[in-house]
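Which chain is which? They are A, B and C, in the order written, and residues in each are numbered from 1.
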Amino acid sequence: MSKTNQGNFLEDFRLGQVIRHATPRTVTEGDVALYTALYGSRFAPQSSAKFASAIGLAEKGRAPIDDLLAFHIVFGKTVPDISLNAVANLGYAAGRFGVQVFPGDTLSAVSTVIGIKENSNRQTGVVYVRTTGLNQRGETVLDYIRWVMVRKRDPNAVLAETLVPDLPTAVAAGDLILPTELQLDRYDAVLAGSPYLWDDYSPGEKIDHVDGSTIEEAEHMMATRLWQNTARVHFNQFTEGKGRFGRRLIYGGHIISLARALSFNGLGNAFKLVAINGGRHANPTFAGDTIFAWSEVLQRIEIPGRDDVGALRLRLVATRDCPCGDFPLFAENGHDIDPAVVLDFDYTVLIPRRRG
Amino acid sequence: MSKTNQGNFLEDFRLGQVIRHATPRTVTEGDVALYTALYGSRFAPQSSAKFASAIGLAEKGRAPIDDLLAFHIVFGKTVPDISLNAVANLGYAAGRFGVQVFPGDTLSAVSTVIGIKENSNRQTGVVYVRTTGLNQRGETVLDYIRWVMVRKRDPNAVLAETLVPDLPTAVAAGDLILPTELQLDRYDAVLAGSPYLWDDYSPGEKIDHVDGSTIEEAEHMMATRLWQNTARVHFNQFTEGKGRFGRRLIYGGHIISLARALSFNGLGNAFKLVAINGGRHANPTFAGDTIFAWSEVLQRIEIPGRDDVGALRLRLVATRDCPCGDFPLFAENGHDIDPAVVLDFDYTVLIPRRRG
Amino acid sequence: MSKTNQGNFLEDFRLGQVIRHATPRTVTEGDVALYTALYGSRFAPQSSAKFASAIGLAEKGRAPIDDLLAFHIVFGKTVPDISLNAVANLGYAAGRFGVQVFPGDTLSAVSTVIGIKENSNRQTGVVYVRTTGLNQRGETVLDYIRWVMVRKRDPNAVLAETLVPDLPTAVAAGDLILPTELQLDRYDAVLAGSPYLWDDYSPGEKIDHVDGSTIEEAEHMMATRLWQNTARVHFNQFTEGKGRFGRRLIYGGHIISLARALSFNGLGNAFKLVAINGGRHANPTFAGDTIFAWSEVLQRIEIPGRDDVGALRLRLVATRDCPCGDFPLFAENGHDIDPAVVLDFDYTVLIPRRRG
């Protein structure tokens, strides 16, 4: 029998199955530097240990890592077990960031199968998993649900059970986890690079992030390997060149990080992710595409007991080769997604409030 | 009103204006590794903590970072405020390196407007700023003057004041700052990789650095993002493809670092920059260009009270797609710059002296 | 006289000559992150400090670096002295890994010339060197023999001596060096990502590693610069474009690391290299090539006195643009190497044994 990993097919999953994923990973300052080199992120608390210390986010004098860096590493661990035979990564829900991650922490991941359903073609189906990322003390740094369309090994195989889980449309305000020492009295908005605070954003407001970033093969592959994500479609031009697109596909998370970094221009004080409410990769992306992004403020959320910090629920839309001055989202028929849109991401961030 | 940064236009600057730049940045060993990966630098004190310790340059057992790495990070902070609307980065002067930078230090930057002058076309003008890079203790790690051609928002705007500052042609020998603990008794030239010391270089001597290095899009973008430099022309092929050059422009500092790394071959003991006397980016560069370099010894400088170390003032010239065996600089008319020349950089380095 | 390094030509080498190589190098977590980004390696003890600690491989809570990362850094130091004028890197033998390398260690390299022989054309010859990589305490982290075809400066030069050294076909089992604290009682194969242990592999068994990885110019150049390897053929498209291949050549070690990372899929518990028995770069590789790999188990080696760990001697074959389902090695004539094969590498790894 082959000793190589064939991955799981639809009929290999069982409701309630718990999967301990391989390859624990110690995060380092090297990962942080690469994250900056790959995305150019500028949010101050993740860029400066001194800034992080001033607002209670540092640990042993070190800045926390970018929340999406933690997300990508945790996600990467799940690929060999969950999505090696995936046709498509369909969506995210109920994502919540827990304790912060610092260089030196070792991350691992565990997933539970919470839903499974065959498609009518009997060739494929959808698996829903809840994945928890843990640090070396067993504390949750992140948990989220994702669902994936997976091939069946044998079209005639019959699934033992079918369940489509109820998914929340958003993480409730009361469920958001704030860093325990967070204290924004000494938050310096000039150093952070933007004068706009929680109070300045209104539901319905749209922001064009203006700048564009062109993807190179070397960059998305280095990123995806850094997360030890093994999905084959990203790395192998010989095989993908003969495939549906003729090219290597970009890992969807690469687009999330590019768009988040672009969003600094307009959301410079939105310094920390606390929830991923939902998201989908609306279209594939390829090297050579230039990514643009815009945001819509969906909701302004008060944090109980806090007058220094609030939350914003944001829709982050990324496009390829399409500047976002007119906020593209839907196609002309008003229903389908605009073919230029590659990401529609719904997440919640912390941002300082104006006081006094 | 848009919440995105529009940058400053010529008429937004005021003589004496002090600008605290955003995005403080903690430097790490990850940045150092990327600097090596991007430029292949081999100067021994920045490569080896043990070597640095032996000559009094280490701190807590760690090697100092490359001086140009500090320069790029400080420079990067100034872009959103100074040069987002720049037409061209015209020159540098009076640059001086102060206390050394080590992994763990947090750098920030402050600039003062020291000159401003409208061009006769009334569309653009030149702004002169003195920028100071500071560490977390408020110590100066670097300060330098640069001047930039900037667009006006409104051609009819009238400048309140005009001043073109006097700029020194070079940093005076007495103004050079030596690391306080520097002591070259145990300098090992075999380990450093070159037998040539201060005494072996003569004013007027020219050195062809022989090797060439081809620029890739992924490399210059990763570098420029690592410095959190947001100048748009470097990243966005969609927009630049429609522009004057049809391509993304390379950040000029990328060329300085490439040329400095090439200069190791011939200047292997020139281990530390102490001054940037001047410099200009003579022509733009693009991915695919192969950078070559040559140096001229402009001056051999004695350091008062030191017989172990001297300084060399050097001209570093970089070309694209043009080997430097005949030291290209001026075009055939003897006046214009050779179109193959992309950098003409005047700087001062420390180098051990022969003794006994 | 030129101050640039011309490198050594065949007639410059002397039997018994000892060469202290330049550019000592402190390894950091930044190098480790780049290694992961460039190769996507997933072997657990080098990925996770916690995993490494559980099996006695960590030091001060830190994971050891990948053995090949140490190899590349040591190899890189030798290039300016040994192979700057090389026509070809012919082979490796008698390679042995010594004490482990951790971030913070400073590596240097010393080589001894152990063989020299002119070719019949009198234009070139072969030099054999034994290179030792040392840490800052002078402990051996690696030593190996390599031989290189080098140009003569003067075809009429006469060599003082000729000697072709006897080379062992493999490092003897009794000569393998195990990390002193290694203890596999707590080895967690689920976390490591593979259920297959020493006992499950049989001599003669072949494993197709299935996945492929496409090389980009930016990646191989960043890797090769990170090792401070100065061989000119890797970096300079202007000159190589006019040369034999019309393209930049990839550093052979880049292929070794790509193939080793691919081999995780099938050899996930083969967690540490202890010997390089032999190896040759059978054909050149270029950007755009997709690298595939397969392995053959050559020998299953018991480690005296250990029932928790054994060794496997493996042949690792890498190809370009050629999936390895039928284990390509020889051409149709049964004698020449298959033109798709780019690496034939013979090495020994540690792997846990099944017990109880």
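Just a few scattered comments:
Basically, a contact is a pair of C-beta atoms (placed from the backbone, for glycine too) under 8 Å apart; a residue touches a chain by one contact, two chains touch by 3 or more.
None of these values were measured; they are calculated from a predicted model.
Rotation angle for the C-alpha superposition of subunit B on subunit C: 120 degrees, rounded in steps of 5. The pairing of subunit A with subunit B is characterised as different-residue: of all residue numbers used at this interface, under half are used by both copies. Separation between the centroids of subunit A and subunit B, computed from CA atoms only, is 36 Å.
Shared interface positions of subunit C, defined as residues touching 2 or more other chains, are 28-31, 33-34, 216-219.
Residues 28-34, 36-40, 42, 44, 47-51, 61, 63, 190-194, 196, 200, 207-214, 216-219, 265-268, 288, 290, 292, 321, 323 of subunit C are the ones that touch subunit A when the two sit in their complex. Interface residues of subunit C, counted against subunit B in their complex, comprise 2-5, 20, 22-26, 28-31, 33-34, 80, 103-104, 106, 108, 136, 216-219, 221-226, 228, 230, 232, 235-239, 248.
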